[in-house]
Structure formats: C-alpha cells, structure tokens
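First chain A sits with chain B, and in the next complex the same chain sits with chain C.
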Partner chain A sequence: MIEPVLFWIGSALFIIGGVFDLIAAIGLVRFPNFYVRLHAATIGAIYGAVLPLIGISLMALGLPELPGRYAIAGASFVTAILLLIVAPIGSHVLAYAAHKSKSVEWNPVVDHLAEDEAK
Partner chain B sequence: MNTRILVLILLVVSALSVSIAASLLLDIPVPRGLKELAVYYVSNTIRDTGSPEAVAAIVWDYRGLDTIYETLVLYLAIVGGLAIFRVTLKTITKTPIGLTLFSKTSTKIISLLIATISAAITFHGHLTPGGGFPGGSALAVAAMLIIPVFSMYALLEKGVTSTKLVALRGFALTAIGLVALLPVVRGLEIVTNQKFYPTQILGIPVGGSISLYNIFESIAVASGFIAIALYLSIPEEAYKTGESSA
Partner chain C sequence: MLKYLVVWLMVFTIYIVFTGSIAPLTLITGLIVSIVLSITTAKYLVEDEEKLKQPIRLLYLVYYFLKYITVIELRAHMDVVKRIITMDIKPGIVRVPVASVSRYARLLVMSSITNTPGTVVVDEKNDYFYVNWIYVSTTDPLKARESISLEFERFASRIFD
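On to the complex of A and B.
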C-alpha cells in the first residue's frame, strides 16, 4: 500500500532535482564572479544530485517487482549521504583557496574571513 | 595550412574507402555467439580455481604468471620514478598547517570510509569484482586526499615516509613471489593454486592463493602510489635550496 506513495514521492524529488540542476546551470552562466558561481555549482551538487539520489532510492523501494531493489535503494542513499558530506567541503576548500590566493576580483559588501585574518 | 587539411581529408577518406571496400570484397567471418574458451571459463572456473569470480580467477590463476610479471613491471616503473625524484627530506622544516577545520574533519571521515571500501574490495576480490589493484588504488586515493588537506608534513610527522613505503612495497612483492614459488617445494608447478592452497578456511571460501595475491598486491599498489604521491608533493624549493640530499 505504501509502495505507490514512495514511488510518487521519489519521482517528485527526481523532477525537483532536475529543476534545481537547470537553475544551477543558469546561475553558473549568469552570476558575476567566482564565489557566487561556486554557490550555483554547489546548488547543482546538493539539490541537483543528492535530492534525485534520495528520489531514486525511494522509487526503488516503491517498485516491488524490481530485482535487487534494496541494493539500489541502499547504494543510492549512501551515495547521497556521501555527496552531502563531500560537495560542500569541496566548494568550501575551493572558496578558501581562492580567497587565500586573492585571485578573484570582487567588491564584497562584507568579508568576514578577511576581517578575521586581519585580527 | 590548407594543404595539411587537404592531406588530412584525403587520408581519412582513403582509409574509410579502403576499409569499406575490404569489408565488402573480402568475406571476413564475424564471430557470433560465445567462443569455446569463454564457455570453458564460465562453466569450469569454480571447479578449477575455487573462486566464483571468473575475472579474479583468470588474472591470478589461469594467467597468474602474466599478472606477476605485470606487477614486476609496475614495480620497476615506480623504482624508475623514485630514481628520478631521488631526494630525502632530512629535517622536517615546516610545521603542518593544512586547510580549514571543516575540510580536515570531513577528510578524516571520508578517508576512513575510503579505507573501509578499499579493504572490502581487496578482501572480497575472489568473490566479487575488484581485487588487489583496485583496492590498493582506492587506499592510495585516501592518502592523496590527506596530502593536500593536512599537508605532506603531517604525514611525514606521523612517520609515513617514502622510504618506509618503498620498504613495505618490497615486502609485499616478496610475499607475492613467495606465494607463487611455494608450490614448487612440493614438486608442483609455479603459481599453482588449488593443489597447494586451501579452497576454504573454516567454511569461508578463500579461493586458494587468489585472496593472498589480492591482499599483498593491494599493499604493494597502495604503498607504491602513496610513495609516488609523497615524492610529487615535495616542494620545488627543496630541490633548489639543497636542503635535501641525494
């Protein structure tokens, strides 16, 4: 009884992930400098990859006739959790390195990292 | 410039026309269906080698001698690389700083997970796809994450030096050689698997010598790759200022 519900929630997450990927791609093209483009790329990594992966695991759980559905669901859920750990750290490290090397030209409204380093 | 493009087009067109003409004129038989050898492997692997994973069985049993020589070739390649980057950092001149706290913490989690996955790939190499080389490469990836995030000096402070890694690699390769040579003592062929090594230990399928080869190969590959990564991350000044000795 719960299987169709799981399947439809999973499909919804999958489609929402696709929409976020599109938004992230537009942001990557339109945004003015490295840091905000990095923000758009991370949107693509988190909402555009983690959400669809959780959606896939729910869809697999919602298909009783699918062979090996628990393996698919578990693997995609674990991958989603791993991406949730890794993707923000990747962009954090990139932003940190760009800030350290002063290789981005920008006019920040507020720059807490520079204030902290000046102390 | 134009003649070069013309020659290129001429070459592509002539190669295409020759191959099309050959396939039309000559009646080359196209293989359909499985070859006899493939059928043999599929139906006899488990009986011949005690390993349900046909790829591992082919790599370490049917053509095990070939794989052992390949391992030797990779060993020589790494020895050549180390000979080019022949420096030893005598004193640790810098304290490790590394990146931010977030990246360090997540790298700890991720490298532990990678090490676990690598162990799983290695120890199940005779049961599931994987084996020694992928397992060792996965372990090396963990070290290659640690080097940029925690800095090379953090590894050196912990005692992970290239010298020790090369020694470990030598040990692992010696072990592979011994596993291959031991059956000769009982008058069997070199790289004999089933007649010498047990197929099961306490009811757990170990695939004879295949699991031993996988474990030692993963140690050898991981230590070799980590040693190369350490050598490649030695800063350029170390070579220029002569704070290192050949």
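On to the complex of A and C.
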C-alpha cells in the first residue's frame, strides 16, 4: 500500500528537481556576472540535485520488484546528504578565489570586504 | 570513550545505509572500516564529549534539517527564481556579524547561508561574515543579519554551542 505513494512522491520530487535545474540553467545564461551567477548555480545544486536524489531513493523504495532497491535508495540518500554538506564549500571557495584574485569586473551596490581590505 | 562509540555508530550506520544490505560480508567490512575510522579520527572530530550526552541537540539538528530543506530553502529558491524571471537584482557584499562561538556552529551557519540561493559567504574575518547578496536591501550589518543569518544562528547555537 505504501509503495505506490512512495513512488509517486519520489517521481514528483524528481520532476520538480528537473524544473529547478532548467530554471537554474536559464539563470546562468541571463545573469550578468560571476557573483550573481553563483546564486543560480546554488539552485542547481540544492533543489536541482539534492531533491531529485531524495526522489530517486523514494522511487527505489516504492518499486518492490526492482533488484537491489535498498542499495539504490541508501546510496542516493547518503549522496544527497553529503552533497548538502559539501556543496557550500565549493561555492564559498569559488567566491573567495574570485574576490581575492579580483578577476571579476562588476558593479556592486556595496562591497564591505573590499573596503575592509583596503584599510 | 563515548566519542569513539558515537563516531563508530555514525560511520557504521552510514556504511550500512549506503550499501543497503545486511549480508555478513557487508557487516564485517563495515565493522572493520568504522572501527579503524573511529579510532583514528574521533579525537579530532569531537571537541567536547559532554555535549554528546545531550540528545536534545540531535533532535534540534533533525528538526533544523527538516525545516531547512522544506520551508527556508523553498522561500529562498522562489525568491531567486522570481529574480531570474524579472532580472530585479542589486548585488553586493555586506558585513554580517556572527555570534556563534564553536567552529562547528560557525560552519553550520556558513553552510546554511551559502546553501540558500541568494546569499554566498565570501570571507570570514574578526567575527564577521562577508556575504555576497543578490539583492542588498540594507547595508546595516545588524539588519542584514536579521534577514540573512539570525534564524540559522539560533539553531546553530542550540545544536553546537
């Protein structure tokens, strides 16, 4: 009884993740510079990757005839959690490196970090 | 002693969930791997053993995870999706004071800020986070803290401080 429910919830999460991935891709094209594009990339990393992975694990649990379904469900879920933990480190390091090297030209409203570094 | 046990239990649980099987070979491999890892890493991973004796912290972490992945993330995602469509952006880097003490709490606050679309932590200096914000509504550090990191800090202090 619970299996079809799990399968459909998983499918819904999977499709929602795909939609967010598409929106993130559009954002990456439309946004003007690196610092703003990072925000679109975050959409692709969280609701575009973590959510579909949780969806896959629910879908696998909802298919009793699937061989090795516990392995698929477990691996997807653990990968989703790990992605949630390590994804921000990547974003942070990219932003940090870009700001340190001053390789991105942009017109921020305010840049407290540059002000404090100039002191 | 407790810290070795907790680290062992965590690694073993993750191993078993990841492999998705309780065959004898998996159990033996998992036991060996988790025991070796707990002996070698527990002293670096756990700073204060007393905090492990308060399970309420774990409950807060679970509650925070569920609230974060549903309510907080959805709000931030919809905001940035709206900005992708309307292109209504005002980017900048603002100073945000951080009050959390322990390193784990700070890491949790930093990860939470960076994981919500619209805010990315660029640097940390002298108890300030420098946050790259997609729409700078205020340049005042305290007001910025209210809209960026106050909720994360409350949970981070309850979980790790």
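Following the convention adopted for this analysis, the second predicted complex is superposed on the first by the 113 of 119 C-alpha atoms of A that agree within 3 Å, B and C clash if a C-alpha of one lies under 4 Å from a C-alpha of the other, contacts with A are read in each partner's own complex, and residues count from 1 in each chain.
Throughout what follows, contacts are C-beta pairs under 8 Å (C-beta built on N, C-alpha and C of every residue); 3 or more make two chains touch, one makes a residue touch a chain.
Being a predicted model, the structure only gives us computed values, none of them experimental.
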Joint occupancy of chain A by chain B and chain C, clash or fit
fit
Touching partner for A:Ile46 - first (chain B), second (chain C), both, neither
second
Which of chain B and chain C A:Val5 touches, first, second, both or neither
neither
A:Leu22 contacts which: chain B (first), chain C (second), both, neither?
neither
Figure out whether A:Tyr70 sits in contact with chain B (first) or chain C (second), or with both, or with neither.
second
For A:Ile85, using the defined touch cut-off, is the partner it touches chain B, chain C, both, or neither? Pick first, second, both or neither.
both
Please name the chain, chain B or chain C, that touches the greater number of residues in chain A.
C
So, does A:Tyr96 touch the first partner chain B, the second partner chain C, both, or neither?
both
With chain A at the apex, figure out the C-alpha centre angle toward chain B and chain C and round it to a multiple of 10 degrees.
90
Minimum C-alpha separation between chain B and chain C after superposing on chain A, in Å
5
Overlap of the chain B and chain C interfaces on chain A comprises residues 85, 89, 92, 96
Per the contact definition, I'd like the list of chain A residues that touch chain C in the complex.
20, 23, 26-27, 30-33, 35-36, 38-40, 42-43, 45-47, 50, 68-75, 77-78, 84-85, 87-89, 91-92, 95-96, 99, 106, 108-114, 116
Residues of chain A touching chain B in the complex
82, 85-86, 89, 92-93, 96
Of all residues in chain B, those that touch chain A in their complex
99-100, 102-103, 106-107, 109-110, 113, 149
Interface residues, chain C side, partner chain A - complex
14, 16-21, 69, 73, 77, 80-81, 84, 87, 89-95, 110-123, 125, 130, 132, 134, 136, 139
